[in-house]
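Heads up, the next two complexes both have chain A, just with different partners, chain B and then chain C.
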Partner chain A sequence: MRNYIIRRLLLIPVVMLGVSFLTFLMFRVVVPGDAAILTCGFGCTPEVVEDIRHEKGLDRPWYQQYGDWLLGVVQGDLGESLTESELPVTTELDRRLPITAELLVLTLILAILLGIPPGVLSAVRPGTPLDWIARVGSVLWLSIPNFWLGILVITFGVVWFDWTPPQFGQGYVPFVEDPWVNMQQFFFPALVLSLGIAAAIMRLTRSSLLEVMRNDYIRTAWSKGLRERTVVIRHALKNALIPVTTIIGLQVGTLIGGAVLVESVFNLNGIGKYVLEAIIRRDFIAVQGIVLVFALTYVLANLVVDLLYGWLDPRIRYA
Partner chain B sequence: MAREAAVPQELEEEVRERPSSVRKALNLARRHPLGVFGVIVIGLLFFCGIFAELVAPYDPLVPNRGTETLAQLSAPVSADETTLTVEDGSDVGFGQAVDIEDEKVIIIFLDGDTLTVERGAGGTVAASHDVGVSLAISGVEKLEGPSLRHPFGTDRLGRDVLSRTIFGARISLLIGLVSIVFGVTLGSLLGVISGYFGRLIDSLIQRSVDMLLAFPAVVLLLAIVAVIGDEDSAVRQFLANSTPVPQDSFLGVPNFLDIFVVSLGIGVAVAVGVARVVRGAVLSIKENVYIEAARALGASDARIMWSHIFPNVAALVVILASITLPIAILAEAAISFLGIGVPLPTPSWGADMTGPNREIALNGFWWPVFFPGLALSLVVLGFNMLGDAFRDISDPRLRGGLGSSSGGRGGGGGL
Partner chain C sequence: MPESSYWNRFWRRRISRRALLSAGAVTAIGAATASVIGCNGNSGGGNGSPATNGATETTPGSGLSLTPVAGGSITQGRLINALGIDPHIDLTGLDIDMLMYTYLYSWRASDEEAILNNFVTEMELPDATHFNFTLRPGIKVWPAPYGGPAADEELTSTDCKESFIRRGTALTAPDKRYPQRFLPEKGGRLETPDTYTFNIVLTRPFIPALQDMANPTWAIMPAKAIDKYPTGFSQRAFGSGPFMMEEFRGSERIVLKKHPNYFLSPRPYLDEMKIIVITEGSSLLAAFRSGQHDISGAVLTKADADELMGDDNFVVDKFPSLFYPVIHLKVKRPPFADIRVREAIDLALDRDEFINVIWSGEGAYNGPIQWPQVKWNLPQDELRTFYRYDPERAKQLLAEAGLPDGFKSKMKLPKLPGAAVIGDMAVLIKDQLGRVGINIELDEVELGAFITSTILPGNFDMAFFPNLPYPEPDRPLSFYHSKGVTGTGNWTNYNNPDLDVLIDAQAEEFDVEKRRDIILQAQRMILPEHGPQLTLPGSFAYAARWKHVHVPTEVTGLGLELTTDAGPTGADIWVDKE
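Take a look at the complex of A and B:
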């Protein structure tokens, strides 16, 4: 078990190296148009572009650029943004990480709350109208693109209730400072982002619980005269949730992608919006840094899921 | 005993009758109403996409003009008159600017019976008039709510939202199909090579795929499309200069080159997933004895891959393509929504949901963002429902069930 964890942890730097190199490759080798041209702006001449390139070290050979950046990363320095601000990438990440982290955590909580109970209800009462509503609802939520839903929330929030998310006016308000304003900022983005995942969780909970309920040990539990609640929750649900945890873990990538869209819709200055801006500005130093964070999250989430797996089902052993 | 005897007889009858395929289809449709809904929606998508010019009531790119009566002339006008009285009582001189509901109207000349009015906002209007004829102005129908004339309303430039939504189906379909064809071809090529040769080539391809899968899909897509869609990108230059891909308008779609480049970008992302799945299938296929036999007969690697391995994964590839089509359509909308996909005048669903349309939506003009999103949701919903119905039909454990969606992996259900 310990060896397994160590081996998985050792894999992280490899994945991160690969991911950052791929990003570098995409932005430095494939595209001739770079950040220098975009920073240059009005009255731009080729000489000015050359100057900017030289100043930012973009005219050096590619292996030198990547090597320097890598050397910085090892020392905890992700380089400086290529835009006019020249802010260190770590500063930006520091500022924006809490926003995206809160969004994602809240989304996961909502997705689990909205996904598992309907899934269980629909599985223990298959064929009833309740089941039908839950199933049709889940296809519906799976199909509605979250960015459109977000726009609808904002548009009709203004039109019908004269309400706008407070993020538009002020900056990020941490939960401990003012829970009410914080929830106004985050509840709807998280809800919008969570619906699709909740639907996936609901469908999987339903089918997996139905499968488990056919097992012999469940029949035994019934014949012992246990109450339905005990049979379903104590005996069946724990086993049924094993595939559900995998799905939740696999959704982390989807979640981060969704965060890019939802942060853009709700104007939350998180990492998702940062990566979008960085890609548009061809600020590949920033993109490389952000992608590192994403890859780290993804690998760690998968590791946690695998470990949870072993905890939920002791028959699974990691050699 | 009696029961046992009855069964073969029943079966025999069934065989003798042999229901026609129409009958079978109707039967299937009755059991899977949601699947039928999916078929209808997808049919509508293809119909609107292919026949957009015939279906759309207006041109999606041209602002609509409507005629609106501004004022009624209360007295006859002759050519030597210098002012005329309009019905609200005010006098209007020739060449004079009049403010009518914040829009400057300048009357420029009077020629016989014809009074020409020029609006400050641009747009010349002639109101022919006799005695007591009305002074009319035709203006751009900006941001009109849904009405009979414009069922989905008009956008800020006066373009018909219904027509834009219908043409959006063509853009979505075009990008979806091009990216799927490109992505599935590239992906299965990589997958077959990777699975067949194994060893170094396999590791190289699979580790690259691993890295690409560690990117969040949206971020990967944004990066690829931004990179190859760049004005100076090699891919774009190559497509523009060395291939017959039309640069401007083609098939009634403006900025065709941009659309094509975006499709290729989505295709690359599609290929990553396809390569992984196809490789898995190839790994088991190449263990078959007939592959060994072919090799023993001296067939080349290329021949084995093309005529012995590829036909075996073809079905899988087709299924992958049909599953990926709605994802590609959704991907196009998402990146266009984020401002990196299809450029503006092109009526893309994603692009229409963002930018100026989104800003004016905050002022209560919800229709330009609402309907493209509704169309997109319906299409994805249709594909999902059809997919669910297919899974229910193909999974014997679910047969005779509710005829609708079941769980994520198709297990269980129908108890």
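Take a look at the complex of A and C:
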């Protein structure tokens, strides 16, 4: 197990290198636009653009720029934003990371709470109204784009209750500072973001549990006269959760993508909103840093999921 | 110079304004004294008796004359991120810069008149190339730690000179035409004969200069700060204006605090101004409606405005919009190189339908100069006669141009968050041109790429976007100059030497009537060219605030402007919120 973890951890820098190189390449080759011209604005001339390129080091060979940036990353310096002068990317990330982290954690908690119990109920009571409600609900949540749902939440909040989330008028309030305001800031964005994931979890939990419930050892458990709760929770659910765990791990990527939109709609100044703005501004130094953080999160989340398999099913061994 | 010249008229107005200001100053001194007494008599501060400074405001709708109350704070919404707040370099934070820096004077576009409410107390214009300014003593940079290297020091003529040089030579300065006339290396002069005198000598006259110098990019910065941070004011500010920078996070919030030593004390009335950035349009409007924002930052449609107008809690100003939608054509590329094709497009555009669909029936035709600029633009009747809707003639012209079945083209437009109206306009244009066989593919390009890869390199056949709200005729006309609006090149490749002569001439003609004649002549030369810009109708814009917020603005023919007795931007805002 330890060797497995070490091996996976050692692979992380290689993955990061690949991700950073692809991001760098994408902004230089594939995506149109140039940070120097954007900074320059409407009044610029080719000469001025060249001056700005020189000033920001964009006129050096690509490998030199990439190499310098990489050297900085190793030393914990992700560079300075190209368009927000003098603003180190790490400073912004430090400030924004707790916001996105809280959003993602709360979203995962809500997704699990809203996904697994209905999935279990739906599986143990197939064909009942409860099952139908859960299934229709899951289709509904999967179909609705989360940014649209976010706009609805805000609109109805205003129209019915004259209420908008506190972050529309003030900055981020940490949970330890004021839990009530913090929850007002995060509950609805997390709920909106979690519904789609909860629906996926619910459907998978249902199908996985239905399959497990048909196994011989479950029949044996029933024949032993065990209570339904014991059969379902102790014997069936744990096994049924293995594919669910996989899907939760994979959903971290979806979550990060969703956070970009939901943070914008709910004005949460997290990393998702930052990356969106940086892309619009062609601030590839900022984008490279953010993508690196996202990639790291994704890789670590998948590592955690892999380790969870072993806990859920002790038969699984890591080669 | 003839008696009727622009400058003579300006000079006469100035004297008259000086008399007015003298009377106002006496009132203000008395009022300031009274306000101090008032504050002393009420240790509660902000919620105490009103500071009686003699200024009054009539709240729209209420008909009551109110006296400003010192204290309190407001929150204002903002749709776009402020990437930086260097007034000489960054264009996205200029509204914030105006609250923090000192300017020479304010400008009222509708009267074409300077309001001497800031650094300049007197201005002399001995001839067309000389501006002599007498500066106000006692304007101080913010105290420490806000004021940085020049904290608490007085602004002087040297600060003006250094600021003008910095603004004029900044890499990203949006317009080079004026600086090229005063910079020493170009033969101009910036003189500082004493601490409170600042003179500008131009190489050639430039009419828009007076208005330019009042725009937010011409902030006066302390020379000491410029020396210490030659390129670095994007994320910091060392101003002397009504508000001090407490916190700057350009994509989140900006917090400004009252400048305690402001020269117009007791102004600013507010203790604090918070600007909250929300880049999602509907969220921004929701924040305003729910009361989290006192002043709306959303782009309001007529429907939004009508709804807000129906609520007594809000004050909504409706004013003529100087933004004007424009189709840009690359006139050297086929098929747009053929004037018959350009005319066919003009004839296929149903401008009345545009007004009805886009502007809910409230709009006016724009010629090369926007409709609110009634002094300079062509009469509506003339424009309506010229821009007739005639799809049959359009088809005929296309056939004559060898395109009997029409043609296909791509029209690029920017994707602007929070401004869906741009997309709506483009769809209507596509529909109208489709009726005569011109099939337009809409290519919505994200704003950054639109500027960098479409407009600046001129990488388009057709492009659609609204031009900025210029409140004077020089800038809109410059789009048709071979050197373009920036003075460095025309992205549509349009080149008409006769028109260049007229556009250059109007920028140097001080006699109003003569200038107007030149401008009308230029527009009449532009219209039959059917390009490179095809202008579409404009309408009104809306600004909304909660009724407890009082701002010294009024609706004029050119938009929402400061009242003539107002202090610098932001200084006179006050609230009567419990």
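As a working rule, the second predicted complex is superposed on the first by the 312 of 319 C-alpha atoms of A that agree within 3 Å, B and C clash if a C-alpha of one lies under 4 Å from a C-alpha of the other, contacts with A are read in each partner's own complex, and residues count from 1 in each chain.
As a working rule, contacts are C-beta pairs under 8 Å (C-beta built on N, C-alpha and C of every residue); 3 or more make two chains touch, one makes a residue touch a chain.
No experiment lies behind these values; they were computed from the predicted model shown.
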item: Clash-or-fit label for the pair chain B, chain C on chain A; value: clash
item: Touching partner for A:T23 - first (chain B), second (chain C), both, neither; value: first
item: Partner chain in contact with A:W163 - chain B first, chain C second, else both or neither; value: second
item: Which of chain B and chain C A:V299 touches, first, second, both or neither; value: first
item: Touched partner set for A:V260, first chain B, second chain C, both or neither; value: first
item: Contacts of A:V124 with chain B and chain C, given as first, second, both or neither; value: neither
item: First, second, both or neither for A:S208, with chain B first and chain C second; value: first
item: Of chain B and chain C, the chain that contacts the larger number of chain A residues; value: B
item: Which superposed partner A:L58 touches (first chain B, second chain C, both, neither); value: neither
item: Which superposed partner A:V291 touches (first chain B, second chain C, both, neither); value: first
item: Candidates 6-14, 42-50 or 60-68 of chain B: the single one with C-alpha clashes against chain C; value: 60-68
item: Shared chain A surface residues [contacts with chain B and with chain C]; value: 31-33, 151, 154-155, 158, 164, 264, 280, 282
item: Chain C contact footprint on chain A (complex, rising order); value: 31-34, 37-45, 48, 51-52, 55, 83-87, 151, 154-155, 157-158, 162-164, 166, 168-171, 264-267, 269, 273-274, 277, 280-282
item: Complex contacts: residues of chain A adjacent to chain B; value: 15, 18-19, 22-23, 26-27, 30-33, 123, 126-127, 131-132, 135-136, 138-140, 142-145, 147-148, 151-152, 154-156, 158-159, 164, 200, 203-211, 213-214, 243, 247, 253-254, 256-258, 260-261, 264, 275-276, 279-280, 282, 287, 291, 294-295, 298-299
item: Touching residues on chain C, where the partner in the complex is chain A; value: 75, 81, 83-84, 86, 91, 171-176, 231-232, 234-235, 249-253, 274, 276-280, 282-283, 286-287, 289-293, 446-449, 451-453, 455-456, 485-486, 488-489
item: Residues of chain B defined as touching chain A within the complex; value: 34, 207-208, 210-219, 222-224, 226-228, 230-235, 330, 333-334, 337-340, 353, 358, 361-362, 364, 366, 369-370, 373, 376-377, 380-381, 384-385, 388, 402, 404-415
